[in-house]
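Same chain, two partners: chain A is paired with chain B first, then with chain C.
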Partner chain A sequence: MSDNLAQGIPVKKKTLQSRKIQRGFFIGLMLSVGIIQFLVFWVYVNFNSILMAFQLQTREGLIWTFENFSRFFHELSIADFELDLALKNTLLLFVVGTVIGLPTSLLFSYYLYKKILFSKFFRVIFFLPSIISAAVLVALFRYMLAVDGPVNAILSSISGKVVDIEWITDEAYSMGTILFYVFWTGFGSNIVLFTGAIHRIPQDVLEYARLDGVSMTRELLQIIVPLIWPTISTLLVFATAGLFTNSGPILLFTQGQHKTMTIGYFIFDQVQNNSYYYPAAIGLIFTAIGFPLVIIVKWLLGKILEDVEY
Partner chain B sequence: MKTFKKIFCLILSLGLVASACACTPGNKTEGKKGTLSIASFEGGYGATWAQALADAYKVHNPEAEVEVDCNPLVREDAVTAFQTNITSVDLYFIDGLSIGNYCETYQSLADISEVYNSTPKAGSKEEDILIKDKIRPEIIPEMMYSGDQAEYQNKYYTIPSPSGPCSLILNTDALDNVFGEGNWSEPRTTDELFALCDAIAEKKAQVNIAGVNYTIYPFIYSGEALEYWRYLYYPWIAQYSGIDAWNEMITVKKNGVYDQSAYQPDGKLQAYQKLEKLIKRSNGYCDGTSMNNKFNQSQKYFLQGRACMYITGDWLEREMEGSTDYKAELKMVKTPITSDLSAKLESEYGVSLGATAAEKDQTLANVISAIDNGQTSYESVSAQVFNAVKQARAITFTLANSAIGAVPAVSVNKDMVIDFLRFMYSDEGIEIILRESKSYLPVVNASEFKAEGELSLFRESVNQITEREITYIFTSSRDPIRYRAGLDQFIGNEYPETALGKKTGAITAKEYLEKEARLLNEKWAEYMKVL
Partner chain C sequence: MIKAFKKLTLAQKIVFTFVFILFSVYAISIIAPFVWAFLSSLKTDDEYYEKVFALPKQWLFSNYVTAFTEFKIKKTSMLGMIGNSLWLTFSGTFVAVMVSSATAYIVAKYPFWGTKIIYRVAIFTMIIPIVGNLPAMYKLVVADLQFNNPIGILALYAGGFGFNFIILHGFYRSVSWSYAEAGFVDGATDWKVYWRIILPQALPAIVSISILSCIGIWNDYMTPFLYLKDHPTLALGIYQFDIIQTYRSNVPIYYCAIIMSILPILILFCCFQETIMENTVAGGLKG
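Right, the complex of A and B next:
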């Protein structure tokens, strides 16, 4: 007989309590890693960035000022500084990657879903950019588009003339080339999400529609799009949230030369040059613009179509 | 299920431990007393010189523990270390470090003035010269803090690591291919350089590489390393405007006072116009693939003989050792003197160097030859003109001020670092560095050191340049207008090499400088606010 029983202590209850404590301790320990990480790398970093936006290193040391904000608006007004071009390129990346890219991805997802001719071939083509690392992909892309690369060679043999287009380093083509790259590489992840969402649609819904003689266009626009609207709206909200911070593949292609500067890359470049206060202010300005924009987009998307549960 | 949970938890725990370890990537947060830890950037001068130096140091100091880590990511590691004041490394060898910024903002650099006031020492052998007297005098101020905070002034925070001259490099095989063996001459003036370019372009000679014929161009360059052009046109600015004007341009000061006009000395326009002429597409002086090329690609093409000239530093041969099978005969020559100098000398000294532009340039070239041959005068020009040309001829660009060693303030082995740096600047240390990096430390007695074995033509030519009377020039971020106010070497987003050399929408040198002046004027008030 144990001592506990001899003393009449409820052994089972205590064991349960101790197990609860152990469980709570274990859960707390597991969560603490995530919480600490969140506090350090999100709360602290963002809070510090906000503070830095109002700081400036001067001869007297660190001072509190709005100087970084006025500097940005001043530089934006200087035509030679080309910050307006950076803003324009940033918006172009959004237009091509999202406004054009998302609907096109949806179209191709539907095409893959319907298993029309060559769909398996195109599945590989579209997914390829998602599998290969960006650095390798850019290197391949650069090779293909080099002055003496395969693309110019093909164009030369088709036209019968020497084609020596500088796709990446001639400002007449550079931004267009980068936009094409963004468009092409953006396909993969969007198509994965869209095809996943389409496959979740109950088959009987689509069969009913087919029995009613619904055309493919109507099936896509009036059945599939409303049923996968939560996926579409989530992607649109994410794209809007990243509108101003999306630098595009500028670092790997041109480092902002050849009229390809974007706001995201401009901020990156400033930080690379050990300038932190000014880019923090630019980030804050675009957060101030982007945050309400995201709220508005989310509200509008909720108004266009209601979420359907199935 | 319970077993599964246990296994899952175990995997999760291992993951957490692994991620926690990842937070200290081989970087212990503080150094180990008694073990000297060196991190050296692996770049153009290779990966072996720091290790070889450490090995030799250990021979003299058997009790010393020295660890050397040499890799291409040391620069990034150093930035983090100096910004956080957390590192186990005692000595970083990197390129590019803003002393002012790291002193004022992070207080992360150790004062190593003691090294400069010590003598070089290899084991028991001590030299009878102070290290500060052994380093080239124009480099010395670059190693000191030069801002306006009294607590850092007159102290040394960095020390030069190996780095030599940067200049025009000729592929003599390619030139022989174009003109026939020896039927060409080195350009001494910019007019001669352009004449050589015209002659090469006119010949339309070809070289066969792996069965494909390529036209041989005067120049090839890389859009990825446009800054190499600066090794040519920066000296042109300094040759025409003088060293004082060059230094005023770097600090944007005249008579010690910030002044916008200092940013654009009179020689800048001429230098940019020459750059424009070299890289303007319609002139056909540069291989058409240049802007598209990666830097190692363009260097490989140069070695293959697809171009006769290339601009870079003395690291080229070391850098390309293992990268290509093509072993061309290369020769570094002194930067040709800007031909505009003759007109300036004429007006400045009231003399005539010839009746026509060609005659003036010929006189200038003759004076240069006389200087290169060690003469102290030239028959048809005055001593003043001769000396002015001599000063211009000495001007050579280098990165020796930015290739440096720096000690973190948190180092626990400063005494060992100082001792190691004393060894590095001993004659034995310099010889080891020369053997391994194929470059010199910027010392006044560089010509006394000879590399072992047979020297390549390239190495011989570099040695000849360093042996001659030279005055190094460099860009610098020492002044607060650079490191605190953020004035870069160029204002705006487009480099001059891009603006002048691009295929579509290229602008002229004059337009570029006008734009530069407008931008400087617009931002001047902002710069002044923080100074």
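Right, the complex of A and C next:
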């Protein structure tokens, strides 16, 4: 393509050369901002992040050390530092958001596709939580769940007793409340992606199956799931990639208090307290776990079903 | 639709009815908090605490005026926050889309050895799960570059190889090259072809990723929280106002801010519903 202008047009050698220089200049300039940004904010940042994991700021200056790593494994065994809790909560967020959340979204999408009454309206409403700021959603959620708020008021009137549960500040409920929020607001974009994928399936395939009297369960599990497998596996790979990075809406809900710490928030919290080297080491450890995990998940998902083409 | 319903077997009818009830309950649970927030924004403070569910006695739209003077984070007023949000949303989107468009165009239409590498790297960086580079990022932006201001922060948005790149790359690859060729024959430079011939054709794609980008930045509270503490946006303000207020005075004002912050998004969504839903890509919105 780069020779387009030369084809069929008699040009003098000299102008052709200057044209080439001009073109090189154009390509370089167009790519420059993106590449510089990438080199600084991706390559340099990640490279420095690895270095920082092995560094420590002392009174004598910056030293090279494995201290950050031994500190992590030491603190992991002490319950007070809540690192084991953070790991557990991080995995819980993944289980609720992805392991339970994705199949539920798929089921929702299937019934929306089956043209349940008002399905268009439902699709739009279900999408709303994905375009409204989490800051707003959580604020509303917190006010609804306030001790003297609407949810407790409704529960009181149903049970006939005074209900004054502290949904967010009571350790017994706090993480459960956050997990519920993640589940409840997490459908939107998945539903849009799934319904889109189902609508792209050639409709005659589904039509034949229906004529053969295939039940709805079989239609969903044996026809639709294999046909939209690329969408499902992409979402799963991205969810796995975000497993340790995704801190959940912890900042908005509890700032890590009341037994709601996660790995992502722990790192964030350290940075807020001007500690940079220790969280960098924690990040490196979980990158080392997460990277093979993504590769394995990607390989497994490819094994279960081959990518389909239609 | 009702005809189709009659054709179903009894078991299917029961399932469909059950799912319909489930969907309705879920839909109500999404809409109700917003209706409640809107009604609360029109009450007096006492009314808000005394009668949680009652309609406001008088519909105090004046609360919205009060919000402009009373909803404050340190020195930044509501108007300031709206200004900060608008600046970040529009300039951030402009920078992000322009840079991605330039890189995507070159990689799609000027193939040479470098473009293949660029494309591979772009895909690779999207899947690799890097945990905890925040310390290094924070140190670079705040301590080394001192980009923690409304202008400098735009550098963070000027990435050319994310989801925007992938979408625009797909678009540019399929766009017809014959107009561009005609342009070259007429002696147009590469610049002219890009600005005058290619970009106008790409406008629909650019508009749709711009809308998604606008929604994302308008809603983002993390970036302002980390780097723009002195220039809070509306999303950050809503978070901080809740934290700062140890005693909750005049809560209705807070609901006014909430309603005002979602209004632009809702209007945008009503106008571009299909565009927004069709262009939702994995991870593209909540990123």
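The rule is short, and it goes like this: the second predicted complex is superposed on the first by the 276 of 310 C-alpha atoms of A that agree within 3 Å, B and C clash if a C-alpha of one lies under 4 Å from a C-alpha of the other, contacts with A are read in each partner's own complex, and residues count from 1 in each chain.
Just so it is clear, contacts are C-beta pairs under 8 Å (C-beta built on N, C-alpha and C of every residue); 3 or more make two chains touch, one makes a residue touch a chain.
What you are looking at is a predicted structure, and each value in this text was computed from that prediction instead of being measured.
Under the clash rule set out above, the superposition-derived model of chain A with chain B and chain C contains a clash between the two partners.
Once chain A of one complex is fitted onto chain A of the other, the partner contacts of A:261 are limited to chain B, with no touch recorded for chain C.
Within the superposed three-chain model, A:33 lies in touch with chain B and with chain C [touch as defined at top]. In the superposition on chain A, contact of A:216 is made with chain C only, not with chain B.
Between chain B and chain C, the partner in contact with more residues of chain A is C. Within the superposed three-chain model, A:294 lies in touch with chain C and out of touch with chain B [touch as defined at top]. In the overlay built on the shared chain, the residue A:273 is in contact with chain B alone; chain C does not reach it. By the touch criterion defined above, A:97 reaches neither chain B nor chain C.
Using the contact criterion defined above for the overlaid structures, shared-chain residue A:44 touches chain C, although it does not reach chain B. Of the two partner chains placed around the shared chain by superposition, chain C is the only one that A:242 touches, whereas chain B remains out of contact. On chain A, the surface patch touched by chain B in one complex and by chain C in the other comprises residues 26, 30, 33, 142, 148, 275.
In the complex of the two chains, the chain A residues touching chain C come out as 1-2, 4-5, 9, 22-23, 26-27, 30-31, 33-35, 37-38, 40-42, 44-46, 48-49, 52, 108, 111, 114-118, 121-136, 139-144, 148-150, 153, 184, 189, 192-193, 196, 216, 234-235, 237-238, 240-245, 251-252, 263-264, 267-268, 270-271, 275-277, 279-280, 282-284, 286-287, 290-291, 293-294, 298. Listed in rising order, the residues of chain A touching chain B in the complex are 26, 30, 33, 56-59, 67, 71, 74-75, 78, 80-82, 85-86, 142, 146-148, 164, 166, 168-172, 256-258, 261, 266, 273-275, 278. Per the touch definition, chain C reaches chain A in the complex via residues 1, 4-5, 12, 15-16, 19-20, 23, 26-27, 29-31, 33-34, 36-37, 49, 52-53, 99-100, 102-103, 105-106, 109-112, 114, 118, 125, 127-140, 155-156, 158-161, 165, 177, 180-181, 184-185, 189-191, 194, 215, 218-222, 225, 235-236, 238-239, 242, 251, 254, 258, 261-262, 265, 269, 273, 276-278, 280-286.
Of all residues in chain B, only 9, 12, 16, 19, 79, 98, 101, 104-105, 148, 223, 288-289, 291-292, 480, 484, 486, 488, 492-495, 498, 502-505, 515, 518-519, 522-523, 526, 529-531 touch chain A in the complex they form.
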